[in-house]
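In this document, chain identifiers A, B and C correspond to the written order of the chains, with residue numbering beginning at 1 in each.
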Amino acid sequence: MTATLAARGLDVDLALAPGECVAILGPNGAGKSTLLSVLAGTLRPDSGQAVLAERILYADVPQRIWLPPYARGVALLAQDPLLFPHLSVLDNVAFGRRAAGDAPRAAREAAREWLGQVEAAEFAPRRPAELSGGQAQRVAIARALAAQPALLLLDEPMAALDVGAAPMLRRVLRRVLHGRTALIVTHDLLDAVLLASRVVVLDGGRIVESGPTQEVIRHPRTPFTARIAGLNLIEGHATGTTHLRDARGLEVEGTPHTPLLVGEPALAVFSPTVVSVHAERPGGSARNAFPVTIAELEPRDAQVRVRASDGHGGSMLADVTAAAVNELDLHPGKAVHFSVKATAVTLYPG
Amino acid sequence: MATRIAQRTRTDGSLPRWVFVPAGLGALFVLLPLAAIGSKVRWGTFWSLITSESSLAALGLSLKTSSAATALCLLLGVPMALVLARTHFPGQRIVRSLLLLPLVLPPVVGGIALLYTFGRRGLLGHTFEVLGLQIAFSTTAVVIAQTFVALPFLVVSLEGTLRSVGQRYEVVAATLGGRPTFVFRRITLPLVLPGLLSGAVLSFARALGEFGATLTFAGSLQGVTRTLPLEIYLQRESDPDAAVALSLVLVVVAVLVVGFAQGRRES
Amino acid sequence: MITRQHTVAATAAALVVLTACGSSEDAATTSTARSTLTVFAAASLKATFTQLGASFEASHPGVTVTFNFAGSSDLVTQIQQGAPADVFASADTKNMDKATADSLISGEPVPFASNTLEIAVPPGNPAKVATLKDIINPAVKLVICAPEVPCGSAAEKVEAAAGLAFTPVSEESSVTDVLNMVATGQADAGLVYVTDVKGAAGKVEGVTLPESSAAVNTYPIGALAGTKNASLAKDFIALVTGAEGQKVLADAGFAKP
């Protein structure tokens, strides 16, 4: 598909292989929901075209074509399950088949099967109002799948659920999304890792990163992706084969992943786990030292994640032990130094 | 008795207490005239008066025509409300204001307008008469007059409900493959049913009480065009007791209709 | 606290009602400088009585004559419910009898005019109506008054006298409505008063009815027992029954009582 929508600043070019699940990440307002709406048919793009299973969803050349939502075979699942309140759970799930013209009994049988797939079979006779958020979302998935869509779109399906309900939904999704062409918009890296084979990062209405999930996570190319992946990222220009300087003059030494050319844009990535925190600027060769101010401390299992601002609007993460926090008397507002070995920093062309 | 009612009234304490005074006055304002009618009824002759030939004819005609008018209102009003609530076209506000005009128009003016349209020398009436269709002085004319005044009630009521219910469910239904008519039948209609019913009840009640337009447009003939309000108007000339008795009948019928609809809604 | 507010509200409401009553009563109380004479008259007397009212005001400086023109039975009902009137002129004796039966009239009512029926047809007489027999033709759309009103009971009498059976398409509650229906062409023929046809000259044509003598409506006039302007009322009645009044009435088409 391609699509532009000037009103929302969208300009994308995207292709999915059959049976592929792609995760769409991006900051708020990046255009993720707009993209899904264009595909579902609830928004008209200014230009572009999309083809799904040999069916043209919309096009502008050689003539304007626009297929209404009910003819597209695209099912949309949002944060709000939006189960039809006046129908039972079973009739909700059977809706797609009935709309396609199936007889009530056949539709209901198919519905029961799908309810079983999402582990919600026992809710069949109930009303949507009687379900919890997680249960309703599972039923909504069954309803979307029972309609036998060629493409499934999921818009942050777990966002409105409480933490306890998410794992079950994730498990269900992993099972039903297997081999199904789907796009899932998410904020949670875990979803991207568990459910998608490919990740696309949308920012400002444009695709800024795209690639297999593991690759994008290990080698993020944008600060946003890095933040999601829980990595530290510094953008700049290569000043040597192993050195990078960012826009503010900060020098970073690292180990190149692929050979760098002097002057070309480059990225430096390192994990919070290899960052040490010092009260004073540490000496020692082959060490990068960054003066930072602590912004917040976040306990994570046995460790504490320290988020600090580098004084230029960027932030940096470091994982330290609780003991270290006590020893160094770390608290928000304190000025410290983050240091990381050059061997722990990966450099690659940006 | 007032203190007993006060003791059994339940509020959650957030309603300002003084609200009850104007509310009570308003209720009295509506109920006292009804009680006044009831007090003037001569109960001895009541039954014979309301079961007289002319009374029964008028009552039967009223119920028949009001039902037909309500059905017509539903047929025309539901699509109108859908278009007003769910589409956008230039000049929509003006069109909506014009469509609601029968609400503010004095019914007699409405009758005159209908006369100029469907009357023998009217815009369409002339053509109808040539074709052999007699509308003037017929029961059809009564139904037309009642539909004309009752239609806005249904449209307004339903449009409000449609707007508040929103289109989210219809959008979802469409992505599941539901064609517009299928979605309308299985999603839209069931969701707006309460608003639709209350609009239909309002229309029925309005049609039942319609007088001015019917008198001007359809004429007054027993069994054909003389509905209950027209019968009451006529009886006033010669037999006020009959007029009072019939008025009470009209009030009771109206209360039954509204009460029935409320009961359904609450269930 | 509720009781006090309640009292205040109730008092306020009562004050509003009283002032409204008061302003309408002002009209009836007489001061020697300005008086108002309230005349309730049948609708068919509108043109003639308005003219006589102006003449009365001219001859009685300081006196204003206000009229209430409506159906005779409507007027009787209003008078029975206590509406302030000084003079009552009815379109038939039946309604006046109702008033006298309730002791609302002082003395004996005086007949001052009579009216007979005529067939009114739209200009051009599209249905070619010439006699009473023509209007019983089902193809002719006939509109008459309902029997409950004076012009309707007169129509009934005409019907009986001629030995015919009318099949009207509508029976109206007021003769004005019948007239309108004929004037606008909705009806092919209508039974109205001679005075109505004369008053609507140009809008309808008249077809004289020899059988109309079977049903003559006599118009009586009387002063109300509760009037506060007894002498003015007597003067007005004298005007109506006197030479000037009778001439005005005759010009309009009324016959002698």
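Following the convention adopted for this analysis, a residue touches a chain if its C-beta (ideal position, glycine included) is under 8 Å from a C-beta of that chain, and two chains touch if they have at least 3 such contacts.
Predicted, not measured: the structure shown is a model, and the values here were computed from it.
Note on connectivity: the fewest chain-to-chain touch steps from chain A to chain C number 2. Comparing mean CA positions across the assembly, the chain most remote from chain B is A. Chain B has the C-alpha centroid lying closest to the overall centroid of all protein C-alpha atoms shown. If you average the Cα atoms of chain A and of chain C, the two centres end up 87 Å apart. With centres set at the average Cα position, the gap from chain A to chain B is 55 Å. Between the CA-based centres of chain B and chain C the separation comes to 34 Å, rounded to the whole angstrom. Those residues of chain C that touch chain B in the shared complex are 1-2, 5-6, 9, 13, 71, 73-74, 77, 141, 143, 146-149, 168-173, 177, 181, 184-186. Chain A contributes residues 40-42, 68-70, 72-76, 80, 82, 84-86, 95-96, 98-100, 143-144, 147 to its touches with chain B in the complex. Within the complex, the chain B residues that touch chain C are 17-18, 20-22, 25, 115, 119-121, 136-137, 215, 218-222, 225-226, 230, 233-240.
Taken together, the chain B residues at the contact with chain A in this complex read 168-169, 171-180, 182-183, 186-187, 190-191.
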